[in-house]
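Input: a single structure, listed below in structure tokens.
Which chain is which? They are A, B, C, D, E and F, in the order written, and residues in each are numbered from 1.
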Amino acid sequence: MGYAVTFGEVMMRLNPRGYERFLQADAFEVSYAGGEANVAVSLASFGRQARFVSKVPDNDIGQCAVNALRRYGVDTGCVLRGGERLGIYFVEKGASQRPSKVIYDRARSALSQARPEDFDWDRIFSDADWFHWTGITPALGGALPEICLDACRAARKRNIPVSCDLNYRKKLWSRERAGEVMSELMPYVNVCIANEEDAKDVFGIEAEDSDVEAGRLSREGFCSVARQLMERFGFDKVAITLRTSISATDNQWAGMLYTKEGVFFSPTYPIHIVDRVGGGDSFAGGLIYSLLAGSPPQDAVDFAVAASCLKHTIERDFNLTSVREVTELKNGNASGRVQR
Amino acid sequence: MGYAVTFGEVMMRLNPRGYERFLQADAFEVSYAGGEANVAVSLASFGRQARFVSKVPDNDIGQCAVNALRRYGVDTGCVLRGGERLGIYFVEKGASQRPSKVIYDRARSALSQARPEDFDWDRIFSDADWFHWTGITPALGGALPEICLDACRAARKRNIPVSCDLNYRKKLWSRERAGEVMSELMPYVNVCIANEEDAKDVFGIEAEDSDVEAGRLSREGFCSVARQLMERFGFDKVAITLRTSISATDNQWAGMLYTKEGVFFSPTYPIHIVDRVGGGDSFAGGLIYSLLAGSPPQDAVDFAVAASCLKHTIERDFNLTSVREVTELKNGNASGRVQR
Amino acid sequence: MGYAVTFGEVMMRLNPRGYERFLQADAFEVSYAGGEANVAVSLASFGRQARFVSKVPDNDIGQCAVNALRRYGVDTGCVLRGGERLGIYFVEKGASQRPSKVIYDRARSALSQARPEDFDWDRIFSDADWFHWTGITPALGGALPEICLDACRAARKRNIPVSCDLNYRKKLWSRERAGEVMSELMPYVNVCIANEEDAKDVFGIEAEDSDVEAGRLSREGFCSVARQLMERFGFDKVAITLRTSISATDNQWAGMLYTKEGVFFSPTYPIHIVDRVGGGDSFAGGLIYSLLAGSPPQDAVDFAVAASCLKHTIERDFNLTSVREVTELKNGNASGRVQR
Amino acid sequence: MGYAVTFGEVMMRLNPRGYERFLQADAFEVSYAGGEANVAVSLASFGRQARFVSKVPDNDIGQCAVNALRRYGVDTGCVLRGGERLGIYFVEKGASQRPSKVIYDRARSALSQARPEDFDWDRIFSDADWFHWTGITPALGGALPEICLDACRAARKRNIPVSCDLNYRKKLWSRERAGEVMSELMPYVNVCIANEEDAKDVFGIEAEDSDVEAGRLSREGFCSVARQLMERFGFDKVAITLRTSISATDNQWAGMLYTKEGVFFSPTYPIHIVDRVGGGDSFAGGLIYSLLAGSPPQDAVDFAVAASCLKHTIERDFNLTSVREVTELKNGNASGRVQR
Amino acid sequence: MGYAVTFGEVMMRLNPRGYERFLQADAFEVSYAGGEANVAVSLASFGRQARFVSKVPDNDIGQCAVNALRRYGVDTGCVLRGGERLGIYFVEKGASQRPSKVIYDRARSALSQARPEDFDWDRIFSDADWFHWTGITPALGGALPEICLDACRAARKRNIPVSCDLNYRKKLWSRERAGEVMSELMPYVNVCIANEEDAKDVFGIEAEDSDVEAGRLSREGFCSVARQLMERFGFDKVAITLRTSISATDNQWAGMLYTKEGVFFSPTYPIHIVDRVGGGDSFAGGLIYSLLAGSPPQDAVDFAVAASCLKHTIERDFNLTSVREVTELKNGNASGRVQR
Amino acid sequence: MGYAVTFGEVMMRLNPRGYERFLQADAFEVSYAGGEANVAVSLASFGRQARFVSKVPDNDIGQCAVNALRRYGVDTGCVLRGGERLGIYFVEKGASQRPSKVIYDRARSALSQARPEDFDWDRIFSDADWFHWTGITPALGGALPEICLDACRAARKRNIPVSCDLNYRKKLWSRERAGEVMSELMPYVNVCIANEEDAKDVFGIEAEDSDVEAGRLSREGFCSVARQLMERFGFDKVAITLRTSISATDNQWAGMLYTKEGVFFSPTYPIHIVDRVGGGDSFAGGLIYSLLAGSPPQDAVDFAVAASCLKHTIERDFNLTSVREVTELKNGNASGRVQR
């Protein structure tokens, strides 16, 4: 078994306790997370070897971020030290009609200032069997689009499958810039993960008859988006997460996997939310695990959605679940009865 | 823009953490609140100038209460110092079938011992454009009925609109005494805020065919109550909050504004409750803000109900929301999707 | 009024805060509980004299367990000191599709090493009017089956009614051993408390057409189980708790009391769960209280179910409710409106 | 062995965490304590039977106070229910040059409103072998001077030894009123406990050449005070605590026992303080325990001072130490080496 | 009475609880502070009108910073909104031989990006009677040296006394750049506050025979530094703080005020430290208060040192003490006896 | 650079917050530690590769223990899974005259039930350059004496230096049994670490004229002990820690290294203690690091003592310090001045 490598930023996450608003907080819970870091922790929790590649400042705060990943078994030997600061994001948990709020303070992070020559992708990928990154990484700017391209090429050279979660962030870059950069990177991607908005924001690809704001989802619409993505970039697979936000407390959650063999929808889970941040990353983590394990598409999307369903019940970004737990839910045991 | 002035008691609020019962608590969260103080904080949070008039003991505990209001931008220059103690109330948060519990220990508070000559209403109102108080203030006894009358007269003299939330508290005074005192004060009130029980408890005014305990609400009943209130006291407007308590965890919440031009009902929000205390005050705060901003009645009641809907999702009494947040909900975005 | 005596183990309960998983916890809330201890606290909270009989190690940890019971008014004069250690269990609170998890570390506890001669049942029962134990106590092994028999015989000798909650724990003993030991003890029991699984696990008694995992419950099935239990062992009454687990967050909860006069079902409560552990014990506590108070069967089961409904809204094992609170819910006030 | 009875007020104690000032606190640790309650807990912790007599309001807050005492083994069967409220005091922990601060909010407490006929002293003392109270109890006013007199007479009638800690509180009564009331009660007292200031404040009795503010203590001065007290009121023994306050963090602590057989000084302990509140009460508790155990005077004062030395290292008012722990320190082991 | 105006940065302070290291922390206490903000809070706590001038981002985090100052009575009407982020600093509390550690993450803060035209100094100073800033403000770079000059000139124009705490921070600018910028600003300063290292770092001015690292202080050395500062820049007064760091837990603390009339040394306080951060700012706050109150130099330095002695016993940066508390310590009561 | 391997038990450590006693605690801080685990973390913190060998139960609790070590960079690939439970110890922090208290609940731990064939020492030591264990490991009983012998022999075979901290625990085995087992293992040890009591308890070797209880230490005495140890077992080096316990809050701490070239004493540090547990282990960690780095004996003992001095200022068992921090203290900077 080789390493599943993920590449991206790890940040400090600060959130008030429980449902307190920022304006009330006199203490923050501190954790360390990020889209690709979250996927690495998911994979390590499932028993895969996972390696996280990034750059953090050479001080105690950077070390804390590394330690948070080591704690859950992620290999951090390829996390570089240096640069100015660790990015920070503040999370305020919403409830009922009050939305959760995320304030980013991530400019000039250590990773965003990294240079292409910092990374020795041949060494990083020497024992790898998967590579995952998200659209946030090139969006950080600086040399990161170029570094992502280096990484993708190095992966391709070794025939390592590449997955990418589009993850469009409008505060990081414009739609135009995103479309331009991502279009250059997509040809190296085997598995594309997105939600409907991402496809539209980054590539202008739209589903026909669904309306996400109103919470109405059409299966046909999602198939249309996936098909267009696949046709444009030649992906092997496109996975789309389907969220219906009834309120900040209650969501419905499902996923779709579009492959050359057909389209596969997971069941839909009604979720009473503990912490929604990291939900998409846990889907990616579950999907990669399943595909690496050789699961057929229906199993893969079912596993990914069950995994991310459980993530919504877990505090903070990391999806600290085991394969056994996910499999039990995937197999239909959603009753939540006490396990003694 | 002038000051919106509120007059009443500020107390220390002590509550166990989370869902702990009093009998389990070894620590209390401490905050400082009260019906009129809560309205002042609502208005300051909406960007209005708000002044709170009260009396607190001249010690660190009294100072803490003042600081809690200053923190959120309320002008406390007219909070007097002196008297014996700060009133205290203990709040135990309910869940599901277990009701929340409030134990008051407010007798002999600094405000309840204030004298009419303590307050220079001409100075207090010199730059004011609204005056709000609740039925709790005269209910505290001592000279407070007389002081409320002084305040109302001073407001009337300057043509400052006066709002009053009936807020009947059976532990503070009898229905008879309440009816007597409040009847004398009502002629100075422009906007009367109540719930169905208040109108009955204080003035014996009843809706015909609704039954609050069983959770059945009739629109006609509320109109009937409002019409009777308006006819008896000559209010400009009567606002009534409509709560259906499914359980301590789930409520439905709406409001009605009865005016000379007609009656306006807000939408009804199903709320998964974080903290229900201060819900009525946040309605008053939203209504006053809206009326001061010149909103038409439908907008005013919609804003007030959206504001207080959000309050139910916020810990402790204060409704720490912005006009933007309330407006988004009022405009129909209740999906609680994460804001990045 | 005499003492209601309960006999069993008290353990240290360690749980992470809120919804944190074990893997995230850097602190545990500590409390002390156990099936029979929980029943003693229920009874003391209802104003009954309650005596708990057990054995704890002669150190500060053992003393903490005793203090936890004394705090809520339980007589601990018959808790012996000595032995190796206090049993421990770890509780991780589930949410939505993620089940709660209990890890036991109870082997070689002080009680499990007790000797028959440690207990002077004549003295313990000298002023008693009820005796309650659960299937966990003999399951602890060592001399406990024999000690339970001693206790039952001593109770029978004094005509003290005996209740037993079957409470089968597969990690403590096999179905065969449980059936063997419990069959010897059942003839001394007047009131048998069980859920459908217990009856099957311990005695092989099954309901015909219900399927607990799928959440489908048939009233006839439960009657069938109760009737078979009654016929085999000659109980006066059989009480069965009926739980439908929609998710770890939402359950439905009801109970049945089968007597020689007929069968009585309680209403069903939909519960938004705060802490589910100790739910069954609180049913037993409510039932014993009611039966001791001479309530008719319908009242008794209604009181027991209302009591345990409230338990589900209270943190940790103990059902810290009053008779007044339970009675209000039993009488139909489930609206959860604030009590001031 | 009979009960050691103490009579006085139990209050809610609220203190910020650690060294936070009131002005910073957003949470209070809550405990329940009072001079005589503290002595009862000391005695129960030493294995004596201890009974606390008081009155608390008939609500959850009153019940919490009772539970806090039951937890540590105090008999609370003679704590009456009723009256308006539980007294409260706020404690801010000092450090270095910053003094600790206590704010009392105790007026109109349940006990202060008690009536003489509330207490059945014959029943209370039926199985008692000691009676302890402090000068705070009559200082609470209302009928309490009379009730104290009733209690003292009832104790005398049964030849139960009476101890009293003068404990002058200038915020509760004037020196004149204290002198008047206490002079009437002193004839019933066998063991008088005081510090130098108490004797001066209450009875105008002064030591000749010591100056407490400057921290200088003269043994002769303390003997002089004790001798005068003994001569005026005919006590069997006078115990005086000797505190030198170097700073809020570091104190020196010793005690003196003046008897008809001579005067006995304890060693002096330099203490690095964890919580100083309740220090005097823990001296009284240690002294009563020792005297009841028949210890000679030197042992008694040594035990009392060692006990209260340990109290200064324990959070909150209660001296939760065992006889073994006190004895080890009394025997000279003050090295604080880890006990495994 | 006019406003004492301070100008500088307010940052978010994050520190682990108690003595935890960064590497252990899973939560941070959050507060908001900064050299000049701390002085404003000192002055407001002493009852002076204090106005803080700064710039914070226009989001909840910026609002939290403003609220923290409003809470303690500081006028924040001149805090501008805009810019990228709020500066952050992380504080790890040392103990014994382990030093406290501060990690700054303050680059690109809102204030550091401010423009000269953002500040209307005529309006800001319209009702002012003092202006205070520190060397940190120009050290933030951007236009701040120019803005400081604008402010100093505007103050001089109105004859408002100006104080400056040199406060050299080597991570913000080089000695050369500091010397250059500060030399241009000093001519507008009336009261210069420094420690020995500042004078050397910024202006190359050294005391002759003291060695701060070894903890040896010579009065003559400090006089020499002050005299040189005064001669070079024409200050009215130079104040120097004298710290002897025995360990992270124990310091000695004193101050000197050098005036044209002579030199005045305060007493030296041995301090058992609670939180040392903000110690220098509290000296400045005490000094400004005293000078504004017209105290003679000996009183002024004594007050300033007593005030900052108390600060060392208070958690976090703000010196939340009253004039009465400082005066008591200044008058010699350092015993830390409980105040009831 | 190879791996420094340590072999022993990792336990769950539970301690109340701050200075709370067990009897007061309603929450425990949870961490995972043990003598040899602590040494591994020390070495990893110093930048060495460290491998910990042990056995933990195959459940979440065991995983938590592994994660705690991974977090700080320890290789846990040789921690086996299986067995019954994780050992637990409870720590109550002492203060002033009140000693710290440790209650062990470690019987039947996973490691104590391990079998010799569980460990493949050839693989474990394949890339190792040091082996460390303590007397606690064989004291756990079962097959552990034999397993220790296996390990020692395997290390000797590869010429890996072996260090052993005698660490006698009287609750685990008798002096006789300890002497017997340890005497068999000592011939494989190169560096023996002990305190005076250990040498006496395990081997009956005594210093002549020191008295540890009274805190008097004689250098000659320690040399005598070391010389005897060296002579009896042929160690290369003997290191002895010298603790003078003034109180639970204040200790003096030094060390001695006895080699064939002579004896080397470190300076003595007066320590104001934050957490004393793990102090000895941090000495061993510092010593091994220094010896591996080839430091001369004086440097080695100075580094070891400076490292463990810092440990006493850090919460919980792990010595989370860097080489830079230790070196600064070793070089004489003990002033604790803030590092910015």
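Here, contacts are C-beta pairs under 8 Å (C-beta built on N, C-alpha and C of every residue); 3 or more make two chains touch, one makes a residue touch a chain.
If you're wondering where the values come from, they're calculated on a predicted model, not measured in any experiment.
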Joint neighbours of chain E and chain A, given as chain labels: B, F
Partner chains shared by chain C and chain F (touch criterion as defined above): A, D
Most remote chain, CA-based centroid, reference being chain A: D
Chain separated most widely from chain C, comparing mean CA positions: E
Between chain A and chain D, centroid-to-centroid distance (C-alpha), Å: 62
Euclidean distance of C-alpha centroids - chain A vs chain B, Å: 44
Junction residues of chain B, two or more chains touched: 18, 21, 23, 26, 67, 72, 101
Contacting chain pairs - touch in the sense defined above: A-B, A-C, A-E, A-F, B-C, B-D, B-E, C-D, C-F, D-E, D-F, E-F
Residues of chain F defined as touching chain E within the complex: 18, 72, 269, 271-274, 309-310, 312-316, 320-321, 325, 329, 333-340
Complex contacts: residues of chain A adjacent to chain E: 14, 21-23, 25-31, 59-61, 63-64, 67, 84-86, 88, 90, 92, 101, 103, 105, 107-108
Chain E residues within the chain B interface of the complex: 67-68, 70-73
Chain C partner contacts - residues on chain B that touch it in the complex: 18-21, 23-24, 94-102, 104, 169, 171, 213, 215, 245-250, 276-277
